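The same chain A turns up in both complexes below, where it pairs with chain B and then with chain C.
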Partner chain A sequence: MLPLPDFDLHRPQTLPEALRLRAALPKARILAGGTDLIPSMKQGLFTPQDVLHIAGLAELKGITVNADGIRVGALTSLTEMRRDARLATLVPGLVAACKSVATPTLQNMATLGGNLLLDTRCRFYNQSQFWREALGGANAKPATGCLKCDSAGICHIAPKGKGCYAAHSADTVPTLILLGAQAELASVRGTRRLAVEALYGEDGREAAPDRSPRLLIAGDEVLVAVHIPTPTGPTVHRKVRARAAIDYPMLLVAASAEGVVLSSLGPRPQRVTGIQDSMLDADIDAVAQAAFSQAFPLATHVWASTWRKKMVRVEVRRALAELATLNGDPR
Partner chain B sequence: MADPIILRCRLNGTPKTELIAPNRSLLDFLREDLGYTGSKHGCDVGDCGACTVRIDGAPTLSCITLAASVEGKSLQTIEGVAGSEPTLVQQCFHEHVAAQCGYCTPGIVLVLEALFEEQADPSEEAIAEVLGSNICRCTGYTKILSAAIDARERRNGRPAKPPTPTFARDL
Partner chain C sequence: MSEKTSAKIDGLDKITGRAQFTDDMTRPGMLHGAFLRSPHAHARILSIDTAPALAMEGVHAVLLGEDLPVNYGVIPVAMDEHALAIDKVRFVGEEVACVAAVDRATAIRASRAIVVEYEVLEAVLSIEDAMNKDKPLLHEGKRKASNVLRRVRQRYGDADAGFEAADVILEAEYDYPGSTHVPLETQVALAEVTADGLLTLFSSTQIPHYLHRILGRVLERRMQDIRVVKPHVGAGYGGKSDPFANELCAAALAIRTGRPIKIILDREEVFYAHRGRHRTKMWLKMGITREGKITAADFKAWAEGGAYASYGVVTAYYFGVFLPLPYVLDNWRFETHRCYTNHPPCGPKRGHGAIQPRFALEQHLDRLALEIGMSPAKLRSINSVQPDTETSNGLRITSVALNECIDAVVKASGFEDKVGKMPPNRGIGIAASAYMCGALHAIYASELPQSAVQICADRSGRIAIFSGTADIGQGSNHMLAQIVADTVGIQPKDCRVLEADTDFTPVDLGSYSSRVTFFAGNAAVRAAEKLKAAMEETLCKRWEVESVRFEDGQVHGGVNADGEPIVASFAQAVEWAEQEHGTLGFTGYYTPPKIGSRFRRQSVGPSPAYSFTAQVAEVEVDPETGMVKVVDVWCAHDCGKALNPVIVEGQLEGCVYMGVGEAILEDHNFTGPMSRRGPLHKSASILEYKIPTLHETPRIHSILVESMDKEGPRGAKEAGEGPQLPTVPAIANAIFDAVGVRLETAPFTPDRVLTAIERKARKDAKEAR
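Coming up: the complex of A and B.
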């Protein structure tokens, strides 16, 4: 049995109450569906004194669609998104991304907000305390694992480096980036919107001395909703994983006329750059080659990073061919 | 130790009021505090589905759910599935010998019951997709899938799809 740390549980019932608690307890962890946070707490990665369980906040629930686009509350479960007839018509590519997360049972629990803010992952990090202690960390005493767990530790992927390269693994995010989605963030100081693309920093850790942290949101902010402008064309979501269920991605590729986004290669999703044309006119092999040359996967996954890099070319080709078919162009 | 909190919920139709620690997992609450050991303790971190229970109908992993979060909700565990007779899914599992060690079986029966409540006549792909929520190390899923398909046929008034003879059965 993996025990959970001892914490006080706070269960705000309104957003203002939640924001006040968030501001008063800066070290508290926010619990939504818990499918990321609870396994991590069981593995001893986080030992918060306070947990803010936000499941009771009505303001964060539900899907609304109007002339400007779609608003999905942060607490909306991926199952609710899969079952929504309006999303199926407007953003089938996003629904496909929800469907590829974990398993149907986990999708019942998993929230969209939790998916956006999912911790970065690495084979040396997402392990039990016992496993990580056995691995040790050159400098950490007691040895608790790598740099992401302990600033005195070392990175086992790049031992001479100063950063953490743990992989962004959220299935819905590459598609949301292509759709131009924005995150609505609230705190006691007010509300603001930030492009989903601008949520993520350079390093895999929550705080990094010389690089931007994995999330570029303030410590007192709560994610309230995701706003998606009315889409103008289809998106394609492709995922490489070992099994067709359960597994986190080892590579994600999303494509639309606007561009191609790669993820699970490092701490944040990346756009393939240097392509002038719309993806509907661009030469598929040229985009695939550009993506390949811009991808630098590290050994954060059990599968060889050289193979993951090769799969970038393969999956970008497949994504663009699928996109062409959706647009009625049988290339 | 954090102060205990009061939890009120319904378990298999019966109202319960219990005192729990805020960090108690729903699985430990069911197994250790209430003695409902039908929900199994597998990986403990959300990977395997052995601990599946239904919360307000939806299959949920109890090992990564706080007991405190089922306040006011209705829980169903495998103990609450059968009436005086086994359900059709359970009957088909029995006839198809779809349980070997049986460790995965409670979770799988619950996800199938939930699927059939939602979709009267799911496709084989839909059945296979929900089975992806649960790891079975014994059966290779063949018998589980054939039991599930048989249950689907029979609940829709179509003829049974009896188990295909296996080597063991022929002995």
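Coming up: the complex of A and C.
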């Protein structure tokens, strides 16, 4: 088995303590459920000196529903979410997205916060240290390691491109975007809210010259909760993957009256643009065509990107048909 | 004979976590090993500097290729391997050095500190490369300067005359992907040397005996100073049928350091150890009469084998030798090649050497059936081999229940009412096959017993069974216990099986080529019958009766003069027999019959018996995505006799499951020229190497057909490999039935299926215009 590298583990018990530590240790990694962080640390993608294990923070747990809407604490597990009767009634599309993550055993550990902040993924990046070195690390001349691991490397997906195109792979995010969800971010400086849609930058890396980084949150901020306004209609979540369990998405499509969001095509989710304001009376084929022409999947996945592009049209059409059915539209 | 299915004797221990696997074992002062592996597909090693590693705290030793210079290989005619690379590396992931350190993390860190200077060589990455004489040789200094390990050409009857006699002739090319075994337990070995100089190696292996021999050869140590023990094993499927670097290096490092050492492979390393299915390109031409009689076949195959031979010579033979079975074919020829390429070495995987030709031939038969307007089920039935015959290539056929299998799946699935008549995008397909029950000829030529069992009964009423077989989860221990228990009317749980310990168990060649039930089972029958005979003699004398009956833990002698039953407990009966005969120890062994063949060269392929399978698969294809859902598979298998029906059904289900994975998902493949250093594994993890989950697994309907083989133990034949053979072509045929596209390349991934559907739509549209 791959051993974990050594690190110092910090276990704050209150949010203020966690925020102080976060500010003091800007290079620390935050450990919540660990389903993404631990395998990546074993692969040597991160070798932090400090790990902040925040699982003890009561402030970050639980689901509350009131007139303002829904608040889900960042440490709420996906299993808790998919078992919550209120969420099942109010946001079935989000519950479906939670159910589609990995497997039930991973959902027990994985948190909503972790899913929002999930690292971008790529077939040249999510590999062992040996594999990545064989690809051509810093010692190779010229350096041909993966750009996301090694700033001296190249992007093996788009060698002539400007940055890293690793794919956003967070199953819950497209649905949350359509629900108008906001992320509550806390730091020693205070608390702010940011639309989930505005969390993500254009590059797959944590820091990228000339491009916005994968997460647009400050180094001292901790994701505390996700706020979802009371929904006015259904949201549909569709996920394309090789197998009906375990796998990360090759394409995500969410649809509601508000529009259509695609993801797993690049470092951040994208709204389909140039379509009607409401999907309730949308011309399904026209929206699907718009989505198709705006989707540029790259070879971040083992399965062919040409096929993934074709799936955009199919899945958007299916999502909108499903949405119409949920809205009682006989089409 | 008890017909009851008894619970597997080690089942509860396994599901409650009590069973000890090699990685559960530990020893005081035990070291851990880790490998430095080649980052290059093909390179010359110019220098290796181990000093930085040796200088690290906690590092005890570093082993290099030159420390173990003796070559080896599981097949004596192709011993092209070394424990660690010498002079050259031949694939990304090949072991270059092995570090022994106080813990695994230190060993891994130290392995990274070793500095190797390489001269990168051009790599041979495909069958085309391997057949190209201008490409560099993987193995220099061989008799023939070629990257073809073995070419086999055979001809039987007169293929040209056969084609003349055909009404329809069809030619097509097929491409079958590589795949790997993915056993739950990775390879792991623990070695220790005791004060008396005995080297003991515990290992997760299918072949304790061959491993024993090869340890002796490579370590240049007397075999009586080496003991190989196989603890519980978490499956193999053929992937643990070779000796591996972790076994040889653990042994060598235990000797060098004087400390016990464990070397476990992580999951990625198992993809480099590989020995899985060969990616194979095939060309097949077949002729058939209007009445459905197959008249001729011509077959060519090129298998991409990776960097070392493993069982590759055998693969090249099996491709051809098993091509016609289960059908009669008198006029045919084949030419097969097994090549070297700069990829992890291929070897035997469930259905070794037979999966690929079945993929081609069973699709071909469907196409021919369509041409002549005959039911594909009937076409298979009328060409079936018959019991007690000999095939044109000299295989002795004994028991055959193929047509019963075909009838059973056709009836259970409603095949004839469904084929060609299902709703859109739904389809059904059939395929059939035969497989060996162990090889007539051992891997190393000898006339020694190939399986042996020793049993010992004593007054406690239990029977101890000693056997060199390797239970890797398939249930061979239970098979031995059940055969012995049934013979003398006791429960399997009252038999204790000690297996796979070369110090204490008689030699058995191992768990491969579906040999264990047939070979070791026969050995167990013979030993048990001797015990029974000794007990019968004692009891008949004592009770003055003609015969006795062993049943339900008792021995019955009928009734006495007063009409009272004569009966004794089994333990009592053993005690009386022990009094008369002394300690009750008996042996049984199995050496396959000497079956003469008209063909002297036919040494690879013949088996004492063959199993037969027919399968029907029903699929649903999503014409917009190309996703294939295998809904149902009906699998009827002629296993001779189901000694334990639940275990046999488990094997059938496992075979279909694996076949479904190879059909729709699995592709053991490599990145192209994108990576500067050549081919990296595309999916060296079980996240990215897609084996089916429960969701992708169809409903599997197992049907056991019993032909009662005359030479099989209690009539039994194999069930562990044969049932995988028809799965992929049955699914291919079902996809054709569903959407009208013929998939000559597997796996049937959505991209491939959708592309084929789109191509057909364009063609149909063009024809309509």
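A few points about this structure:
We take it that the second predicted complex is superposed on the first by the 321 of 331 C-alpha atoms of A that agree within 3 Å, B and C clash if a C-alpha of one lies under 4 Å from a C-alpha of the other, contacts with A are read in each partner's own complex, and residues count from 1 in each chain.
Quick note on the criterion: contacts are C-beta pairs under 8 Å (C-beta built on N, C-alpha and C of every residue); 3 or more make two chains touch, one makes a residue touch a chain.
All figures in this text were calculated on a predicted structure; none of them were measured in a lab.
In the superposed model, A:A55 makes contact with chain B only, not with chain C. By the touch criterion defined above, A:M311 lies against chain C but remains apart from chain B after alignment on the C-alpha atoms of chain A. Look at A:D8: by the touch rule set out above, it reaches chain B but stays clear of chain C.
Look at A:A195: by the touch rule set out above, it reaches neither chain B nor chain C. Legend: residue contacts after superposition of the two complexes on their common chain; A:F130 is shown touching chain C, with no touch to chain B. In the superposed pair of complexes, A:I38 makes contact with chain B only, with no contact to chain C. Look at A:H156: by the touch rule set out above, it reaches chain C but stays clear of chain B. When both complexes are overlaid on chain A, the residue A:A207 reaches neither chain B nor chain C. In the overlay built on the shared chain, the residue A:A244 is in contact with chain B and with chain C. Chain A uses residues 1-3, 244-246 to touch chain B in one structure and chain C in the other.
Only residues 1-3, 5, 21-25, 28, 41, 44-47, 49, 52, 58-61, 64-66, 68-69, 111, 129-130, 132-135 of chain B touch chain A when the two sit together in their complex. Residue ranges of chain A in contact with chain B, taken from their complex: 1-9, 11, 31, 34-35, 38-39, 42-43, 51, 53, 55, 79, 103-106, 108-109, 244-246. Remark: chain C residues 37, 39-40, 92-93, 103-105, 108, 264, 266, 268, 624-626, 665, 674-677, 680-684, 687-688, 690, 692-696, 749-751, 754 touch chain A in the complex.
The touching residues of chain A, counted against chain C in their complex, run 1-3, 123, 126-128, 130-131, 133-136, 140, 144, 156, 240, 242-248, 302-304, 306-307, 310-311, 314.
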